[in-house]
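Quick one: the structure is below, and I'll ask about it shortly.
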Amino acid sequence: MRDIWQRLPTRGKTFCLAALAAAIAAPLVADRYLLSVLILVFYFAYLGQAWNLLMGFAGQLSLGHALYLGLGAYTATALWTLFGIGPWIGVFIAIPVAAAAGMIVGWLGWRFAIEGVYFALLTIAFAEFTRIGFDHLQITGASAGLFLSVNSPGSDKWWNLGGGPLLYYYLALILAAAATLLVAWLRRSPLGYRWLAVREDPEAAQAAGIDIFRAKMIAMLISASMTAVGGVFYGFYYRNLFPSQVFDIGRSIEIIMAPIIGGLGTVFGPIVGAILLTPLGESLTALMQHFGINTPGAKSIFYGLTLMVIITLQPSGVWPWLARKLGLDRPRA
Amino acid sequence: MPNDPFKFSRRSVLAGGVAGAALLAAPGIVRAQAQTLKIAVLLPQSGYLAQAGQSCHRGALVAPQVLADLGYKVELVHIDMESNPDVARTQTERAINEGAHCIVGAFDSAGTLAIAQVCEQRQVPLIVNIGAAPQLTEQGYKFLVRNFPTGGMLVKNGLHQIQALIDATKIAPKTAVFLHANDNFGLAQRKGMDALFPKSGLPFKLLESIPYDPKAQDLSVEVTKIRGLNPDLLLVVTRAADAIKLVRDTVRQKFQPMGIISPGAPGLYDEEFYKALGPLADYHIDALPWANPKSKVTQALEAAYTKAQPKFRFAVECFNVGFTFDALMIAGDAFKRAGTTNGPELMKALKATNLVDHAMIGGPIKFDEKGQNNDIPSASVQNRNQTPTVVLPAEVATMTPVLPMPPWQGRK
Amino acid sequence: MLKIENLSVHYGDAQALDGVSLTVDEGAIVAIVGANGAGKTSLIRTIAGMHRPTGGRIVFRGADIAGLPSHRVCDLGIGQVAEGRQIFPSLTVSENLDMGAMLPHARPHRAQNRDRVLAMFPRLSERIGQAAGTLSGGEQQMLAIGRCLMGEPKLIMFDEPSLGLAPTIVHDVLKTICDLNAAGMTCVLVEQNVAVSLKIATRAYVLENGRVTLSGSGADLLADERVRQAYLGI
Amino acid sequence: MTALLTIDGISKRFRGLAAVSRVSFEVQQGDIFAVIGPNGAGKTTLFNMIAGALPPDEGSITFAGQQIQGLRSDQIARLGVGRTFQLVRPFPALTVEDNVIIGALMQTKTVHDAEKIARDTLARLDLFDKRAQIASSLTLPDRKRLEVARALATGPKLLLLDEVMAGLRPTETDRIVATLRDLNRGGLTILLIEHVMRAVTALASRILVLHHGAAIAEGNPEQVLRDPAVVESYLGAESL
Amino acid sequence: MTAITLNIIVQGILTGLVYGLMALGLSVIFGVMRVVNFAHGEFTVVAMYAAFLLFDMLGVSPLVSLLPIAAAFFFLGYVLQRTLVEPFVSRAEHEQFILLVGLATVVVNGLLLIFGPDARPINLPYSFDSYTVGSLFIDKVRVFAALGAFAICIALFLFFRYTRTGTAIRACADNLTGAGVVGLNVKQLYAVTFGLGFACIGAAGTLMATIADASPGLAPAYTLLAFVIVIIGGLGSMAGALVGGVLIGISEALAGFYIQPSMKSMFSFALLILVLVLRPQGLMGRRL
């Protein structure tokens, strides 16, 4: 850990500390709306880190992370609503459930040498398969949804992940910060090096003694587990779940936007991406309203155009470019 | 050099960012003791619920003038929640920051519950215009009222209407099949059917309940399955686009039931349904809450609507428009009685609502302790000359019901 | 006919060719020898327009063709028999030949050229409807040469034409090159088989590390101790 | 001396073409063994089979007393066989140092130790000053050296080198030769494929000549290079 | 019972053929350029709207507007490739993905903005007719659409098989280096390929408009459906797209009938997973 810190250039250290301090202090000055936006920023930064681990570091494209998000969310909320098992315990059941799903996807994909686009489509297929499955799973309310009450005993207590925006704000902040630390640490760990090798050249990695299947499976394990924790947060933040919402391919796409736009395979990319994209959407809404434009869809058009422009101009993401500009760059990890 | 293209736009990006940040941070506008009630209307105007959301939105657009004429002072902020709970949640926060005293929305259950979280914490009342998931009023939200029937209530009233239709037309169906979309609304109705049909005493047998995937691309297999069962009545819960596919395949497969009746779901009377099916759209029946043609409020609303939205027909839109309007009127009424925009007091006034004159049929609007209005009866609405027409109950009907429906062949 | 001046090529940040200059006279066979990775294939592909040079000039019959796309270069009359033959395995022999004649200048004479090629390589006409991937290595090499001839080149660049072929077939291939040259075709030959290529070459260049380190007539280089040492250690 | 690597009658066919047929030889502990032959002779295929990248169709490969044919390449690497690729394959987007650390992580569990090993190895191969560069920006000779460094950092008992001198200048070749000799003196067994005869003659204690997949000669350098069959296969048909 | 089963299978085949045609465009583009068009469904819906407009304003039957729309889409695809997609052909998959997802977002919301959310039907005189063969009911429009799909597929097959441009495109797919070696104009051919893929989308969308109603909401579902079909049939294989479509059509029909309609696409995804695992190149695809 200390190693990571020492490796940062001085400007980077200042920058990190300042950003963290600002984030911790934000509720003092920010209003509730800004907080709710920041909650989303951290939430997407966190999920982006989880996905980035698999794609950015281990080089495996998953377009079905909604699967792990949904399984995490459903497991924890169902444990709470059906058996009164709180989320702090439930999360430790949600993680293995999602991780097991990840293992199945990974095992099927990598054992049978399915790669690139084909692997991506396999992940979509699993997510969609599960979505329809949950549409018929009566115990979690099937397609009619699973609901968490707000006034059952203890449901408003922090130990049951209930409460005001500050709880969710700091929780999301802690998740995002912890995920970033974890990713930074993993990046400098033997495991991280193995992933990079697998991403760069699987055959050469194998020749260097790396069991690439195992390396990919571990990446999937961690990524799916992290995503499941994000799912638990989602479930308790929104307090209702519908298969068509959480397992939707749109969710998966949402998760991967921030890291790609921010900078794939970088530690700060997912954060930068989330900081850009979520407020971009919100600002567009606000701007539209400000100028009295009430044309449904117009905002999304601008959003889509922005994505196209960014990926055309900065294919490796905004962060590497930004880091260069701010003098914070080290060679891309 | 490779960064040059970006340099060009940096300034504009910066400008956009600053403008965005300024808007994000816009401080809450003075709130207390306002002369008008500021209501934020959150609807899914884009995304997968756009069709219904935009229909509700048209209702919200004409409401302020009508309400002003009725003596209610409201000011509306229209927000597109994009069929996305994330957006619903942040935009609710923003709307309240910018001075909204009350929220109306949001057609979709997931979005509604995302809004409910915020409203509960900020003690700002949420009036659900449309949203049938029974759980909305079962989760213990203290700042939520719903002037819309639950899935179970819709089915219960719908089954009553079917009995009334059988009585009125003297048909004697022996069998029926229930087809429903397997989404949250459809499944809520299915649960209602499973619970209520056996107790309803209806004189026919329910052969099977068939769920279909609302994302499926065609319904020909479903129709073939139904044709194999050959029921007298086809009871359906569909979305508009699916209803078109359903009727088309039914006609193509030359299957001729006595009637296609929805026991409590919209879907058989949208404008796109008429446009797609023409004469074949006629004689299908929806049993659901409807605008009361005899009510003065409804008449005023219709007049205003017809003027403001010449491209749309009030008769077709009155379900979405009417419920959205009523939700706004409930808010305006509570404000009038409370005399303040203060959330808890407004909420107290809302709970004490006893609104006699409103757009949709039914008695005075009242809420139980959970915030549910339990008195929202259904009417039987039959498509006649490609217009939804109330045929039952008799006191609000403008035509008499026709069953069995005329055969597909030879319709003009 | 072809004059290369100070040509440089980079792949990303790595330099593949560094200031290469060479001349190919009309009717000559010019051999380019060098170790694997010395830049021979990069040179050929850059001339052919498949890579963009980062510096230098490629003058073909008086016009600078550096940076032109490959289809334009081919149309000017520079043909290529590429390393690894690069035939289209799932297309038939006939279709492969046709693809050689997609160049605008060669299109009108497709039929004659085809007859000529098939007369030159009778084996190909026996297999005309067969998928090219099913041919033997030698047949594939014939097809690659035949396909190149369909484009009516003025200059053919052969990149390792004997690679992976049995000795008797290597002999055939080299003989074909000599025959073509005798009929007036200018040839550039990159060949592992150093002795033979130097022997048939009128002029030769030794490429090391992206640079030309030796040049001279084929016979001179064949006698050069440095060449013998570099390639045989004797 | 005992045989570290024993190849016994291995063959490999691709679509009917015999890339390697019934090749047998032994590499003794502490030897530098060279495989030469013209392009397309099957040398790299042979290497790939030893390193586990390709399974042999028949025959056996014994390394340090254990049969390794059919094992995955990473398993073989962990048994102590390091390799380089003919077409160099460093991890392009990573720094030189990170490339070597990845190799070194096979010997050690901690990144800290791996870094130390990597730096030593880089110093040995004259790449220390370039350790912070991105691998894809290196020149070809540097990439070749990096390839060797990465293989070396895994701490192999047997090092398979596939044409690492190709494209190097004579002085550079001499330096690598010296380095390899040094490593060999330290106990490392080396099996190399090489075209640069200057290096082969300087290094190898035994040479195997492959031609069209078959072994046509084996022996010490003087014998082999005087063999007319070898000269023929190498210089090609002098008569045309 | 058997009659109904047969009827369901026939329906499945007909629907499947049209789905197959819809997937064809995706397959053509991927097979040659290795670019996955994530905006596939969106452009299919654009074609549906085009067919709707021509029918609504000028009364042109989709069976007639098929050709002009396909031609216009060819042009659209050609231009898109030349301007937007070309720089991305050799880029990483995820970059292509973001570009095309961005494009899809723009297209689908553009449609919403222009046409609104309502479904737009094309009511042909025979929209509600069906052929009765014994106890089978076969929809006329489905028969026409399936025949159209079949014809287009054959035309495309002939184009690729027997024209020089078609052969050249196959050559690019077969060996890109080889294409450069013989001097094929790869960029041009790629643009033609993209154009052809789009022409397929145009034709498929037009035929689709006769059996389904155009609405923006359809787009993502179409993209997904096309993926499933193409992977099952084999990305890049023309016959595979039709086979995949028919297979999906039949399996969904049977699963819908014998198991439960709402679970029918689950079987498509299960089939997809099975094919990916057992035969990743797809049923009719070449080895990867």
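Letters are used for the chains, namely A, B, C, D and E, taken in the order the chains are written, and counting of residues starts over at 1 for each.
Operating definition for what follows: a contact is a pair of C-beta atoms (placed from the backbone, for glycine too) under 8 Å apart; a residue touches a chain by one contact, two chains touch by 3 or more.
None of these values were measured; they are calculated from a predicted model.
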| item | value |
| --- | --- |
| Chain hops separating chain E from chain B, counting only touching neighbours | 1 |
| Chains touching both chain B and chain C | E |
| Steps needed, at fewest, to go from chain A to chain C via touching chains | 2 |
| Chain separated most widely from chain C, comparing mean CA positions | B |
| Computed distance of Cα centres, chain B from chain A, in Å | 34 |
| Inter-centroid spacing, chain E versus chain D (mean Cα positions, whole Å) | 50 |
| Centre distance in Å when chain B and chain D are each reduced to the mean of their C-alpha atoms | 73 |
| Residue list for chain B, restricted to those that touch at least two other chains | 46, 50, 53-54, 182, 213 |
| Per-residue multi-chain contacts in chain E, two or more chains | 109, 112, 260, 262-263, 265 |
| Per-residue overlap in chain C, given as positions that touch at least 2 other chains | none |
| Chains that touch, pairwise | A-B, A-D, A-E, B-E, C-D, C-E |
| Contacting residues of chain D [partner chain C, same complex] | 17, 38-40, 86-88, 92, 134, 136-141, 143-144, 163, 165-170, 195-198, 200-201, 212, 225, 231, 234-238, 240 |
| Complex interface listing, chain B residues touching chain A | 3, 5-6, 16-17, 19-21, 23-25, 27-28, 45-46, 50, 53-54, 77-80, 82, 85-87, 89-91, 93-94, 96-97, 109-110, 113-114, 117-118, 120-122, 133, 135, 138-142, 182-184, 186-188, 191, 213 |
| Touch list for chain C against partner chain D, complex | 12-16, 35-38, 137, 160, 162-167, 170-171, 174-175, 178, 192-196, 199-200, 208-210, 229-234 |
| Footprint of chain B on chain E - complex, ascending | 1, 4, 7-8, 11-12, 15, 19, 109, 112, 116-121, 123, 127-130, 132, 137, 139-140, 142, 211-213, 215-217, 221, 225, 252-253, 256-257, 260-265 |
| Chain A partner contacts - residues on chain D that touch it in the complex | 51, 53, 72-75, 77-78, 82-83, 85, 89-95, 98, 101-103, 105-106, 109-112, 114, 132, 134, 150-151, 154 |
